[in-house]
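The structure under discussion is supplied below as structure tokens; questions concerning it will follow.
Going in written order, the chains are labelled A, B, C and D, and every chain counts its residues from 1.
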Amino acid sequence: MSDAAPTLPNFRSDNVAPVSPEILRAIAEANRGPAAAYGDDDYSRLLNARFSELFETAVTVFPVSTGTAANALSLASCARPYGAIYCHEEAHIHTAEGGATEAFTGGAKLVAMSGRNFRIEPSSLRKALGGAAWGVRNRSQPDAVSITQASEYGTIYPLVEIAEIGAIAHDRNLSLHMDGARFANALARLGCSPADMTWRAGVDILSFGATKNGAMSADAIVVFDQDLVESLSYRLRRAGQTSSKMRFASAQLLAYVEDRLYLRLAAKANAAAARLGAGLAALPDVQLIAPVEANLVFINLPAFAINRLAASGLQFARRGQDVIRFVARFDSTEQEADEVIALVRRAIAGS
Amino acid sequence: MSDAAPTLPNFRSDNVAPVSPEILRAIAEANRGPAAAYGDDDYSRLLNARFSELFETAVTVFPVSTGTAANALSLASCARPYGAIYCHEEAHIHTAEGGATEAFTGGAKLVAMSGRNFRIEPSSLRKALGGAAWGVRNRSQPDAVSITQASEYGTIYPLVEIAEIGAIAHDRNLSLHMDGARFANALARLGCSPADMTWRAGVDILSFGATKNGAMSADAIVVFDQDLVESLSYRLRRAGQTSSKMRFASAQLLAYVEDRLYLRLAAKANAAAARLGAGLAALPDVQLIAPVEANLVFINLPAFAINRLAASGLQFARRGQDVIRFVARFDSTEQEADEVIALVRRAIAGS
Amino acid sequence: MSDAAPTLPNFRSDNVAPVSPEILRAIAEANRGPAAAYGDDDYSRLLNARFSELFETAVTVFPVSTGTAANALSLASCARPYGAIYCHEEAHIHTAEGGATEAFTGGAKLVAMSGRNFRIEPSSLRKALGGAAWGVRNRSQPDAVSITQASEYGTIYPLVEIAEIGAIAHDRNLSLHMDGARFANALARLGCSPADMTWRAGVDILSFGATKNGAMSADAIVVFDQDLVESLSYRLRRAGQTSSKMRFASAQLLAYVEDRLYLRLAAKANAAAARLGAGLAALPDVQLIAPVEANLVFINLPAFAINRLAASGLQFARRGQDVIRFVARFDSTEQEADEVIALVRRAIAGS
Amino acid sequence: MSDAAPTLPNFRSDNVAPVSPEILRAIAEANRGPAAAYGDDDYSRLLNARFSELFETAVTVFPVSTGTAANALSLASCARPYGAIYCHEEAHIHTAEGGATEAFTGGAKLVAMSGRNFRIEPSSLRKALGGAAWGVRNRSQPDAVSITQASEYGTIYPLVEIAEIGAIAHDRNLSLHMDGARFANALARLGCSPADMTWRAGVDILSFGATKNGAMSADAIVVFDQDLVESLSYRLRRAGQTSSKMRFASAQLLAYVEDRLYLRLAAKANAAAARLGAGLAALPDVQLIAPVEANLVFINLPAFAINRLAASGLQFARRGQDVIRFVARFDSTEQEADEVIALVRRAIAGS
């Protein structure tokens, strides 16, 4: 079986990607005889050590089956039921996870903030926290900040900005969570170390995405603040997020970071997106909604052109009346990017 | 890498099993280019059709990542926050899922009942429901019954008993949930059709286990009562249980039921357990705790013998001072069963 | 005992009010010998009948101990855990109830909207619902609209506007909840019937406030949509909101509506506020934040004047850098209003 | 208005009691002009001081509107969502509060234990905790023990037994909660100090009942372990349990303990129950279900006699096929007790 429209490129989402061959191979290799369940196997026990090396500090890693679970359970370990979590108004946790964070926290409140280029601005955060009703019993109490790196629109927080947000959060005893559904794409772009983009900048807990970038069914929560570990470990099991045959998730995650595979995959996706973004921006009637810094390209396009484009069979995502999104993947090619540019040009021209 | 003790058989749990080759192959085959996400792919769309054939009625199937998620979310679709769910006192949902059902239902109450051979007895259920405080505002209201087939101790409800429980439940407008973590083992033993063991006997919603019996990371919820579908579909997404690359879970489930693979795998596990059970029962100082009807063998053994057995390096599960559990898997062999019997004999004899 | 500053008027909140003599008398009269508990007493049984007359339709009334409980439990009976509730961004349920609605609904999302004069605008609501992701599994599903009458800033929805909001909500199968913490103040101002301001305009469930307007410890939920009653009745008990000696709450509520007492009390509060608002608006450097339509007066005042006013010992509420709130009560007098005006004048003048 | 059957005594429940004159007077006295809301008034500020004297240690007191709220919110401050709370199988929190504890804790599990005379036995608790799966991620983790003093059947824990339970709990870092719905009845019987029956015996948090024993609408949570205070204070507000006009609840509680009123009221109830119990026990065919140590009398009575008794118009509570309950109140008299004895004698005799 295979999905339709084989001749046209698919830029709908990074969730449509296949699994990278390296990761599929790792799964097959892990399939040797019996192995202890629920994380007591050799692969899972390696995870903490391997990720601690990668992040240059002692971390605890929990494989989970989806990014939604990673985000909501991370935040549930940081926020009290009467707590508030500050995020951008376009944050996935706020707009596209069906209320998972509210559910797993027991009803904490997401405080959504606007911010240029789809990022929280440190000054806005400082102002919001300054105006919060600390200690007032009928007001939700600030407990956490969540930023998405790369953001839902493919923009990237500079390290200095993460650090500033981290400092503001920690000044007030808030935890800083990073939704890293596209962690590798951001890291590949910034060229810094995983440590620099996370705990050194103040991140306490990370949703470490792998599925969008070549894994099959494995994301992870990476915990830097070890005080969060115990509560989280119970919450995961209770949420049905502790895999019995965990070796297969762990093997995916180990392969994903082995030899910088994750960065190589992300770099390919970023490159395709960069080419696509540049090509589209050069077209008449096209405006980029946000700078293309990772693997996402959002553009304004007249509705008639969007309709024509959709009719062509090209796979992309509509994000409003005259906004569309293209997502490049590790298996996207420059040739595919060029095809899309040509299709958009034709859709505008009406030919 | 591989887990230790290669020379001794491992009867600790069916969660230590590898993935069956057929299912691993199906995963690899599903890995062809892009495919729609979140269940819109070809594999996932086939699921409902294929399982509807299998169950001889229209069903809706939702892949999930764990049995805990399958159970708790199934029950959350049946029970109100102020509802009560009747189960056996040894039910996995009550004793070993970290309160997942309480969490996902919003605090429903599990009413645990005793019952011979680790099964709910229809007469006890009838009595319990007869004595319930229907409509009384300060009492939890009966909403669902959950039975485990095969049970946590490897015993099996006869069809007539399921049907009686189903009739009692439906008489009172309760839903009947089946925890089928070992569904295939029960079905293989009974030799009946999936329909006979479920909806024809009154089951409204089923946790369809596959992971313990050869799948990698795929269990499923099979819904017979279509009124439960809508609420469930939102709850799954909100629980982080809707896989983005769902084709890989769906491919596992399709391969699992293809050509009766699931029954063939289960039959092998059952056969090994049967041989093990018979051999152990013949030993002095050994009593079976429950009849061996599926792939689980529970025995009483003097503590000194348990300690010796553990020291031998044999993998099994301790379940109390003088109770241990052996679990046979699809990849367990008769020779392994015989090895275990010999080891137990030696542990008792002290040689 | 008595609170300090006896010589200066207290316009801090209507929660500082005493109990009206009529209501205190009713409590004393209800105190005759034993009476059935949990609402089976004569007073409580009268409630439904008496309020059904008052509202000219069959209603079910549940006494509760606070307005927060009334709001959150009303909304919990309308909204699913994965539901969304539309309200004004200044709605009390969103800003000042500690997340009660999130807690009791099991994590539903409040969608806060801006709107002129602190009221939801029908056009904004229509647009918001038009743009909602109906049926999309990772988006909160619209379940209810909540309006506050009179609003948190003392403005009042005209009947035609409630009706328009009600029509929009019902078109989409949403419930319409009214937070009537100051229901009587709104009704007194509009001069219409309770029926006109509620179910005839589409209200399905009402938080009927009494405590702010002369009762001691009794608000109520008035249910027009009888489909909401059963779930609500269980949720109330489970929330610890079903009073054992309910006769005393019911007696308060009966006295409150007897001979239009509630309207007479509210009219006095409104009159004091109107006088205060007019007097303040005439002062230099004072701007009304919202038209004074009920018993609340919000003004802009330079910070230095606010500080002076606070130093004078006058009781009012600060609502930002240069915004303060005065609340008139049933026991506020025109003379007190004049005193406040004089104090503000002096604070501005610096004398 | 008044409830029917004026000529026959009402022993149905202590919830049918009127308010004691002293407490009604205190309410009226508190009704003088404006007073700060939400607990900043003079009465509420006195509460902590007055109760700290009473309990001979620094306590924090929170008035609540019902005993259910007191219990569930107390336990929510002690138990994590994945926690377990140990209680007697007849505990009100387990059998008669509609799942309030499960709701407010976010789904903690009540572990119900049998125990002679409706009390938890220290040895059983020790055994249960010894067998708990500490630290195992799929098992609810022991967080609290809840005992009811006097118990739901009117029996009373001796001080030494509370202390033993407290020691067992604290050894394991569990909190000890006391459901004191009938605290005064127990205290009056034991003749000890409030301190002796609570924190000196290890109680960390107390549901201090007043409503059943003469108050109108005021129970309280008394916190000994000050670490529980902050979380509790937010949870109360979020639960709609923080009264705006709190002075009226506080005035009730102050009057209740003034001059040992609560003990005098309880002593009257206990005396009536003692007389009733002794008289009934002397009748043929009557067995006491439990020793009469507080204000509750449970007896076995043949069903035919129960039916006759009900037909007589006497108010009592049926608790099973052949079990009934009588509850004496502060306003019950010895004469009423004698009347009941005579009625039961007649019901048995069939005359």
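We take it that a contact is a pair of C-beta atoms (placed from the backbone, for glycine too) under 8 Å apart; a residue touches a chain by one contact, two chains touch by 3 or more.
Remember, it's a predicted structure, so these values are computed and weren't measured experimentally.
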For this session: Looking only at C-beta pairs in contact, point me to the busier pair out of B-C and C-D.
Result: C-D
For this session: Please name the chain that ends up farthest from subunit C once chain centres are defined by their CA atoms averaged.
Result: B
For this session: Could you tell me the distance, in whole angstrom, between the mean C-alpha positions of subunit C and subunit D?
Result: 33
Problem set entry | Whole-Å gap between the CA centroids of subunit B and subunit D | 42
Problem set entry | Whole-Å separation of chain centres (CA-atom averages), subunit B against subunit C | 51
Seminar exercise, completed: Multi-chain touching residues of subunit D, meaning two or more other chains, are 38, 68, 81-82, 97-99, 103, 106, 137-138, 234, 237-238, 242
Problem set entry | subunit A-facing residues of subunit C, complex | 68, 81-82, 95-99, 102-103, 105-110, 137-140
Problem set entry | Contact footprint of subunit B on subunit C as seen in their complex | 38, 80-82, 106, 137-138, 141, 231, 233-238, 242
For this session: Spell out the part of subunit A that touches subunit B in their complex, as residue ranges.
Result: 1-3, 6, 10, 12-13, 15-19, 24, 27-28, 30-38, 41-43, 46, 64-70, 72-73, 97-100, 103, 211-212, 216-217, 234, 237-245, 248-249, 315, 329, 331
